[in-house]
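Next, two complexes with chain A in common: one pairs it with chain B, the other with chain C.
For the complex of A and B:
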């Protein structure tokens, strides 16, 4: 067998559309996951014991079971409770919920890591409660939360490949289909691996740049 | 959802446990070699090890499994799909465990190593008696996390046709038209296994004297 990725690269427009679906799923999943995760963490912190325990149990279930099982439950189980979802919206919901569970834990750690003394000190200096949260608590949290948040973004990109199993036309599904059509499955998977690798490496670098910026910004303001 | 169906899922759980444990063990051995290579300061070892770690951490496990599954026959190695699955999972977890181990070795306090040298331990003794035990203790919580990740990721080997919890659940769901109870039971089994692993981890950590050095 001759290794010839050219066969695959001739199909660039199709690969591009798969990549686009992956990127949209990924970015929307991150945005939704961060938003819902932040709400969950905030509700758990300020919402009282019952809310904390209830949401905590839900988060543990989502973190303790494979993403694939969650996807199957939603995709194949959904129609039995009147939830008929096409593969893309189903994938998007599953990825967002999964992301939210993990992001909520990151924000929870972020809340816990800001010393209460800092917020109290800000209030003593005459800042209002809201100002103290906006100018002290959230900037301090951002710096703590950023590295694990970027890490999780990378994990989510890789989990999104799982959605190919329920026929979401994302990168993995598209490229491996091209591979079987062209009898070049190995080349296809190789190209696929390289694309994911490149995105992951780029994300990691971007994260480190953001981290440096943020910590410089913080020391400049201090 | 009958007891018979649940028993079938439980039987499949043995396969999930077996594949995960073997992969973690093989991955651990490879991880020790990889972390030793990255700490060697010799670029002929450092560069390939870094490349390996970066690749297997940067590519989805599903894609790695498909790659190994198609690559092995092409280079003339014909193995049953279960072997391909274990190879794929071992290489992936090796990359993650190597990063954890490297972190552990780097956080062994410098003073302890100096003290060992001053008391007359040879570099070899210092490595095996001081650095290895402390690094292992420091990376133990990460190892437990990795075991839980692998137990969850093992659901992906269902794609190459191996009968474990997820594949069994899929087959049962399509033959009985009961996807909700079956996938929920599968989820429950994973949750129980992972909770037990987490508990063992916490217990072992306490008896190891925690992460304190």
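For the complex of A and C:
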């Protein structure tokens, strides 16, 4: 047997469509996860004890169970509660919820890292609680969380491969199917690894560029 | 005698079981510089934070220009909380400067100084920035207006923080160890700004370990020890020998901080 990734690359259009699905799942998952995660973290931080505990429990369950299990539960368990979802919407929802749980934890830690003195300064200058949140706490938090947020985006890309098992036609499903058809499974896996790695690398670079650009907006000293 | 800028009566502050301030009675004269000194943990910051209403007193009264801060004593002797708008109005009479500057890192110097003018006072952007720029000029930082805090030295950051507080035209300025986080060679520029402010007749309450500054600029020095105000008076009296033994002890530990001139 000869190792020949060329066999896989002949199917470029199919790979392209799988890649497109993966990118859409990923980007929508990030956007939805950031949005929902932000709302969850903000509600937990400023919404009082009951909200904090309730949402906290939910986040813990989502973070304490494997993504694979969550996807199975939604896809195969959903119909029992009247939730019939096609693979792609099901995958989108699962990935978004999963992302939201982790993003909310990142944002929560970010809020906690904003020096209390910065908020007290706002208070002394007469800013209302809401103004202090909007003008000081949210922007400072956003800058603090940039590195871990990019890191999580990378993890989500890799987790999206899990959706292949509910027949979402994303990159992993597409390329491994090609591999099976062509009796070139190892080549398929190799091509997959290279594509994922390239996206991860590009994302990391983008993140570092953004971080450098924004570094002067961070606190100089404690 | 004119109304004191700040009157503190029977002020008590507890955190849980520990009493941090006990029965503080103190009047801060209008237009004068008042320094609070005392060993670490004696309650200086807590007292100052009570004046800024960052801490709520456990009991006792604080009035600022004769107006009650936060709470008032009802005729039946019970303490009642004032409405938020009134608390806000009384708090606006003071400006606070922190040891750690507490500038907002995502805003330029100009942004820091103009922020409250825009969001609280609702001034149009142009006017707010013009006023902010004037304040930055006053602390000698007009040419740093577009720098972010991370691009400024500690002394410059603290001067921006002073300008930020001054921009709202407070009647009283509160300083909590404004130079303690600075390298020694940078303390001078901040102390000079404070001297200028004192010379203009600003009422100032300064928590400081700069005994030299206190001895030369303050009109009143108050010595806190274990949450109690041991004594208070003009520097000439307080530093005159024989001194209170606790003050002597305290000064011994600060000989390297400019107190040597008094030895």
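Brief remarks on what is shown
Operating definition for what follows: the second predicted complex is superposed on the first by the 201 of 222 C-alpha atoms of A that agree within 3 Å, B and C clash if a C-alpha of one lies under 4 Å from a C-alpha of the other, contacts with A are read in each partner's own complex, and residues count from 1 in each chain.
Please note the rule applied: contacts are C-beta pairs under 8 Å (C-beta built on N, C-alpha and C of every residue); 3 or more make two chains touch, one makes a residue touch a chain.
Only a predicted model underlies this, so the values are computations on that prediction, with no experimental measurement involved.
Applying the stated contact rule after C-alpha superposition, one finds that A:76 touches chain B and leaves chain C untouched. In the superposition on chain A, A:118 makes contact with chain C only, while chain B stays out of contact range.
Looking at the shared chain after the overlay, A:127 reaches chain C, while chain B stays out of its contact range. In the superposed model, A:48 lies in contact with neither chain B nor chain C. When chain A is checked against chain B and against chain C, the one touching more of its residues turns out to be B. Once chain A of one complex is fitted onto chain A of the other, the partner contacts of A:135 are limited to chain C, with no touch recorded for chain B.
The contact sets of chain A with chain B and with chain C never meet. For chain A in complex with chain C, the residues that touch the partner chain are 115, 117-118, 120-127, 131, 135-136, 139-140, 143, 215-222. Note for the complex: chain A touches chain B at residues 1, 60-61, 64-70, 72-73, 76-77, 80-81, 154, 157-162, 164-165, 172, 176, 185-186, 189-190, 192-193, 196-197, 200-201. Only residues 52, 54, 88, 91-92, 94-96, 98, 100, 102-106, 115-116, 119-120, 148-152, 154, 157, 161, 164-165, 168, 181 of chain C touch chain A when the two sit together in their complex.
Looking at the complex, you find that chain B touches chain A at residues 54-55, 57-64, 66-67, 70-71, 74, 148, 152-156, 158-159, 166, 169-170, 173, 179-180, 183-184, 186-187, 190-191, 194-195.
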